[in-house]
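Each of the two complexes below includes subunit A, the first together with subunit B, the second together with subunit C.
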Partner chain A sequence: MLTYLVRRTLLMIPILIGVATVVFFSMRLAPGDPVRMIAGPLASEQRLDEIRQELGLDRPILVQYGIWFRNLLRGELGHSIASGVSALHLVAVRITATLELTVSAFILSLFIALAAGITAAVYQASFYDNLVTFGALFWLSMPSFWLGLMFMFLLSVRIPFLPISGRGGAIWTWQGIQHLILPALTLGLPGAGATARIVRSSVLDTLSQDYVRTARSKGLAERVVVLKHVLRNSLIPVITMTALRLPWLFGGAVIVETVFAWPGMGRLLTAAIFNRDYPVVQAAALIYTAIVVLANYAADVLYSVADPRIRLQ
Partner chain B sequence: MWWRIWIQAFRKNRLAVVGAVIVILFLLLAIVGPYIAPFDPLKPNYRELLKPPSMEHLMGTDRMGRDIFSRVLYGSRFAFYIGFGVVVFEGVVGISLGIMAGYFGGVVDSVVMRFVDVMLSIPALVLAIVIAGTSGGGLFTIIITMVIVSWAHFARLMRGQALQERERDYIEAARAIGASHWHIIKRHILPNTISIGIVFSTLEIPWALMFSAALSYLGIGVKPPTPEWGTIIASGRDFLDSAWWIATFPGLVLMLVVLGFNFMGDGLRDAFDPKQYAKRER
Partner chain C sequence: MRFGRKRLLTAMMLGALCLSVGVSALAQNQGGTLTIGFGTRLDTLDTFRSALAAPLKILGLVCDTLFAFDNDLRPQPVLVESWTQAENGLEWSFKLKEGITFHDGTPFNAQQLKDYLWGFFIDQSFTGWMFSAVEDMVVTGEYTIDFVLSEPSPLLLFNLAYPWNIIQPKGAYDEYGDRYGFDALVGTGPFVFDEWVQGEKIVLKRNPNYTHGPDFVGNQGPAFLDGIVFRILPEPATLINELRFGNVDLVVGLPTTHLDVVEGDTNLTVMSRPSYYSQFLEFNMDRPITNDWLVRNAVNHAIDREALINAAWSGAAAVSYGLVAPASFGYWPGIVDFGKEILTYDPDAAVRLLEQAGWMLPAGGRVREKNGERLKVKLVTTNSPTYQTLGEATVAMLQEVGFEVELFTFELASYYSVALEGDWDLMHMAWIDESGYSVLQSKATIAGIEGGTNDARYRDAALDSLITLAQTTTDPEMREAAMATAQQKIVADLVYVPMTVPLSYLGAKTGRVGGLDGLSQHPWWLDLMLGLDLYIK
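What follows is the complex of A and B.
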């Protein structure tokens, strides 16, 4: 177990380096000049060259990559071109807001998916089952940015029931919860559709196992059979699929944050893109990846909890 | 005929048939849409600003007096270009890299799969924002960006298929009579794995439609005033209280089309999945 954890931790390093490299080159090779953005449209050629020299943007791209890589290893992700503040700091102060949104959306979607998926499988081929199958596809097909706007229109504009946008403060305050409801629903419901389908088919598979028949024949209540024998055994594919969907969750959060003016990393990222603020973009992309990789790692550990047969090696 | 069983399985699934009908309607719209649009999608009309839906303007007008319905009709063609453009390029990249990795194994496999691991660890939308955002948007850039962020899924799927196929006895037989790698891939591996690839592609189209609209909504994809669904929805963002129809109708159309593709793709997947027949017979 311990060796596995150490090896997995070491495996994260090449992935992060790979991501950093992909992001570095896709930004530098793209057309568009950050220097012009800083200096303004009226700056002279000479002034542009000065700024370029200052930022080291006049050197060959491989040299820039080398310098940038060396700094990365030291944990220095550079300073924001627009504001001069450390890029890592800018990102770090926004992690809480993003995690608050993604984690609550994740929990919400998991609960909906488990409830809907299990009942659909238990009452297989009933009207309810068809409803869940249809509902799952329906929510899955929902473009989240539009769903967010529609929630806003119906529940904040038409019926002034919930705040339109922004973050209301810490999650344990009433204000904070009120502001969180719509963004979390917008992010969570489409994911719930995808997960509910997996829960349903996984529970169906488990229901036909011999040990379930044994449990029933020894007279256990159906509720005990489903919750004790079936649920735990059908969780493994669910964990795999939810772990695979984590990058989508964080990607979706970028959109939802923009729609609801939620002050997280996603809004920082989109703003930095428009300002050609390379260091901030790179820092944000790296942190996003690090979170996703860490979460996948947690999912791997969860397997062995859900299924003791799986030994991590 | 051998394919009759697919058609039968597909037709039994009523949602799949509904989906196929929606998809066919969408394809028709993408072809004839611009010809039947009642108004110019780009020309402002300052006497008809922010008009609610009526018989003349089925979906209302926007803040420049342009007819939303006409813009949505034109938008269907962009959606078509993006959906199919992405899937075709993604398929070519994903299938060739995936089959190469699965068939040759060894170093080729390791290199391709490590690259796939890296690509799959980055949230696709974050990477897409970085690439498309720095290169300035536009239809072609968006298609390329989306291929870059999505080919890894495809490659991983096809690698798994190729890996299974490679172990079959007839492949060994083909090799024994001296068939070249290229011949084996072209004649044996590809035909036997392509159906999975096609099903996967139909499920990639709705993803591509939503994803590109989201990029345009963020202001990174196709730029206004191009009548693309995401940009139309974005232009209605500030008018939710006064002109709800601007954002509502294009989104509704986008959702319906995505739903249609998902229904159809689901039905296709079941129809192509031999395990399903086994279940039904039991």
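What follows is the complex of A and C.
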């Protein structure tokens, strides 16, 4: 197990470098001059050239890559072209807000999916099953932009129950929680629909196993059978699905952050891409990649927890 | 006549009563925090690092310029007590106001001004070129400074009033380095920068020592408000919802897509004004088809500007008759009558012009041809919803008169690159500038081609001379005549075909925000006036 963990950790490094390299070259190959973007139309060509020289953007692309790679090995991710502030600092300031939103949405999504999926499977072909199936397809089909505005209209405008937008404070404060509810619902519900379908399918499969019949015949309560015996054995595909949904969750956060003015990394990354703010894009891409890789890493570990027969080698 | 004791007492009591009413009214206006909804992306407040227009809203409250534009767009002193100009125009002497300090405690004086402007601002800022005629600055006293010029610069006071040319202490840049404009912003303005919660809000607090507001502002300081919070709300629907139902009190630059909702809300005061945003169609003069004046004029007559306004701007724009927008200083009002003669929607005239140019419709064809070549043009625009609509509508109108149009939309960074590279025939473009002189310098001079702003490659030596004359003559009548002639020539040459001037909208909670009457008198809704005159009811 330890060997496995060490090997997977070391494997992260070439993945991160590979992704960062692809981002590096694709940003620079895209048309658009970052210096002109920030300088605006009033700057003279001479001043623009001076700025390009200061930022090293006048050098050949391979030289720029070499310098960037050397700095990367030193842990330096450069400074934002637009603001001059450390790219890592810009990302670090925003990542907390994004993690609050995505983790909350993730937990909400998982909770709803498990509850709905198990209910649908246990009461297969009943009203509850049809309700869950319909609900899953409904939420899965909702574009998050529209969903967010509808939640805002219904629960903040029509019925002023929750705040319209913004991040009211730290997540452990009541204000912070109030502001988090609508964005987390908007981000989490579509994913809950997809995951609920997987949960239902997996639980149905497990319910037909012999050991479940044995458990029932021993006189165990149905709740105990489902939660203790069935659920754990149904988790493998759910873990896979959940791990695969994580990048989607971060991608969807960009739209939700914009609708609810949530000060997360998604908006920062979008603006940096449009501005051709290379260092910020690269720093954000690295962080996102690390999160996704770690999530898959955690999924692999959870497999062995969910099913002791699986040995990590 | 003897003024009896009784009358004296009565007069004193009346005076005291008036004073108390005035003081009470003033006291009623004091206090409270104004929350402004801000829909634009903000990267930095450092004007040396970014020249995007977004930071101006905040800079105008925290920092002063030496002069500011009044309601008639004439420069009026803010940090200057008095000034004189030598007869030959080569020396300006300024006496600065005394007793002003920067927010970090640095005294504002002639040496501080020179330290900031000379060798720092002029060399390194994006607008330093406006002072290219200044060859030296001489401190002659604690509050007196001379600007020595290499040639007359009659627009010097205008340039010193230009919103980007704010005065900051050089020492603050040295102290904060890369963090300046991010963690710190120092000026002499009516509000002090307090904090910037990234992606969320910027908080300003009242500067209690501010008393040097220009005379044309109702309140010279300190501000009535305790503070101003700018909430960053990039999504237009959210911005409108917060204004109507949330905690946002005021929005400058209301998104026009939701105008009908906002104007129908009786709890809101909505004001509009022409902007200094000029939107036009430009032709690439290095391309054979668009180099032909007959073809350009045909395009001009083929386009229905009113239809464009309704389609792309939801009706929230005016027809433009010149390259310089009405709210820019240097705008010549006579361009409207001049432009109306030339910029008319007349598809039949467009057809006649194309045929005159030799572009004929083949039998059964829809696209005109000349010497075997099709009348095919490449139209470029940005991918914003408004400009995409402009592009699509333009394609339809040009197809009606026999053009084949390829429409290309690009996001902004790529759009600028494409404009510079020159692989296009027509381009929907906009120019946002408070200074009409700057607009002409950028878009219509040969120097602008080298600078990358005259992407139409508009070369006209006579026009160059006119624009130079407008910026250098010390005779105001000659300056006005040169500006008028230049603006007429640009319209007549049809390299830039003026299209629309979007209106700018402000919305505020009627029951909460007071002082809007004064603000509405200024063509720009000057930020300094916003900060000093507005109050919470």
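As a convention for this text, the second predicted complex is superposed on the first by the 312 of 313 C-alpha atoms of A that agree within 3 Å, B and C clash if a C-alpha of one lies under 4 Å from a C-alpha of the other, contacts with A are read in each partner's own complex, and residues count from 1 in each chain.
Everything below uses one rule, namely that a contact is a pair of C-beta atoms (placed from the backbone, for glycine too) under 8 Å apart; a residue touches a chain by one contact, two chains touch by 3 or more.
Just so you know, these numbers come straight off a predicted model, no measurement behind them.
Engineer: Return fit or clash for subunit B versus subunit C, each positioned on subunit A through the superposition.
Structural biologist: clash
Engineer: Report for A:Val157: first if it touches subunit B alone, second if subunit C alone, otherwise both or neither.
Structural biologist: After superposition on chain A, A:Val157 lies in contact with both partners, subunit B and subunit C.
Engineer: Which partner chains sit in contact with A:Pro143 here, subunit B, subunit C, both or neither? Use first/second/both/neither.
Structural biologist: After superposing on A, A:Pro143 lies in contact with subunit B but is clear of subunit C.
Engineer: Between subunit B (first) and subunit C (second), which, if any, makes contact with A:Arg94: first, second, both or neither?
Structural biologist: Second partner only.
Engineer: Which partner does A:Ser80 contact after superposing on A: first (subunit B), second (subunit C), both, neither?
Structural biologist: second
Engineer: With the two structures laid over each other on chain A, which partner does A:Ala43 touch: subunit B (first), subunit C (second), both, or neither?
Structural biologist: second
Engineer: Can A:Tyr297 be said to touch subunit B (first), subunit C (second), both, or neither?
Structural biologist: A:Tyr297 sits against neither subunit B nor subunit C.
Engineer: So, A:Val23: does it touch subunit B (first), subunit C (second), both, or neither?
Structural biologist: The first partner, subunit B, only.
Engineer: If you stack the two complexes on chain A, which partner ends up touching A:Gly264: first (subunit B), second (subunit C), both, or neither?
Structural biologist: second
Engineer: Look at A:Tyr65 in the shared chain and tell me whether it touches subunit B only, subunit C only, both, or neither; answer first, second, both or neither.
Structural biologist: neither
Engineer: After superposition on chain A, which segment of subunit C among 1-9, 379-387, 397-405 or 415-423 overlaps with subunit B?
Structural biologist: 379-387
Engineer: If I apply the document's touch criterion, which positions on subunit A are contacted by subunit B in one structure and by subunit C in the other?
Structural biologist: 30-32, 149, 152-153, 157, 258, 274, 276
Engineer: Contact residues on subunit B for subunit A in the complex?
Structural biologist: Within the complex, subunit B touches subunit A at residues 15, 114-115, 117-127, 129-131, 133-136, 148, 206, 210, 213-214, 217-220, 230, 233, 236-237, 240-241, 244, 247-248, 251, 254-255, 258-259, 262-263, 266.
Engineer: Which of the residues in subunit C end up touching subunit A in this complex?
Structural biologist: 41, 43-44, 46, 49-53, 124, 126-129, 164, 178-179, 181-182, 197-200, 231-235, 237-238, 241-242, 244-246, 410-414, 416-418, 431, 433, 438, 442, 450-453
Engineer: Quick one: in the complex, what on subunit A touches subunit C?
Structural biologist: 30-34, 36-45, 47-48, 79-80, 82-86, 90, 93-94, 97, 149, 152-153, 156-157, 160, 163-167, 258-264, 267-268, 271, 274-277
Engineer: Looking at the complex, which residues from subunit A come into contact with subunit B?
Structural biologist: Listed in rising order, the residues are 14-15, 18-19, 22-23, 26-27, 30-32, 133-134, 137-138, 140-146, 149-150, 152-153, 157, 247-248, 250-252, 254-255, 258, 269-270, 273-274, 276, 281, 284-285, 288-289, 292-293, 296.
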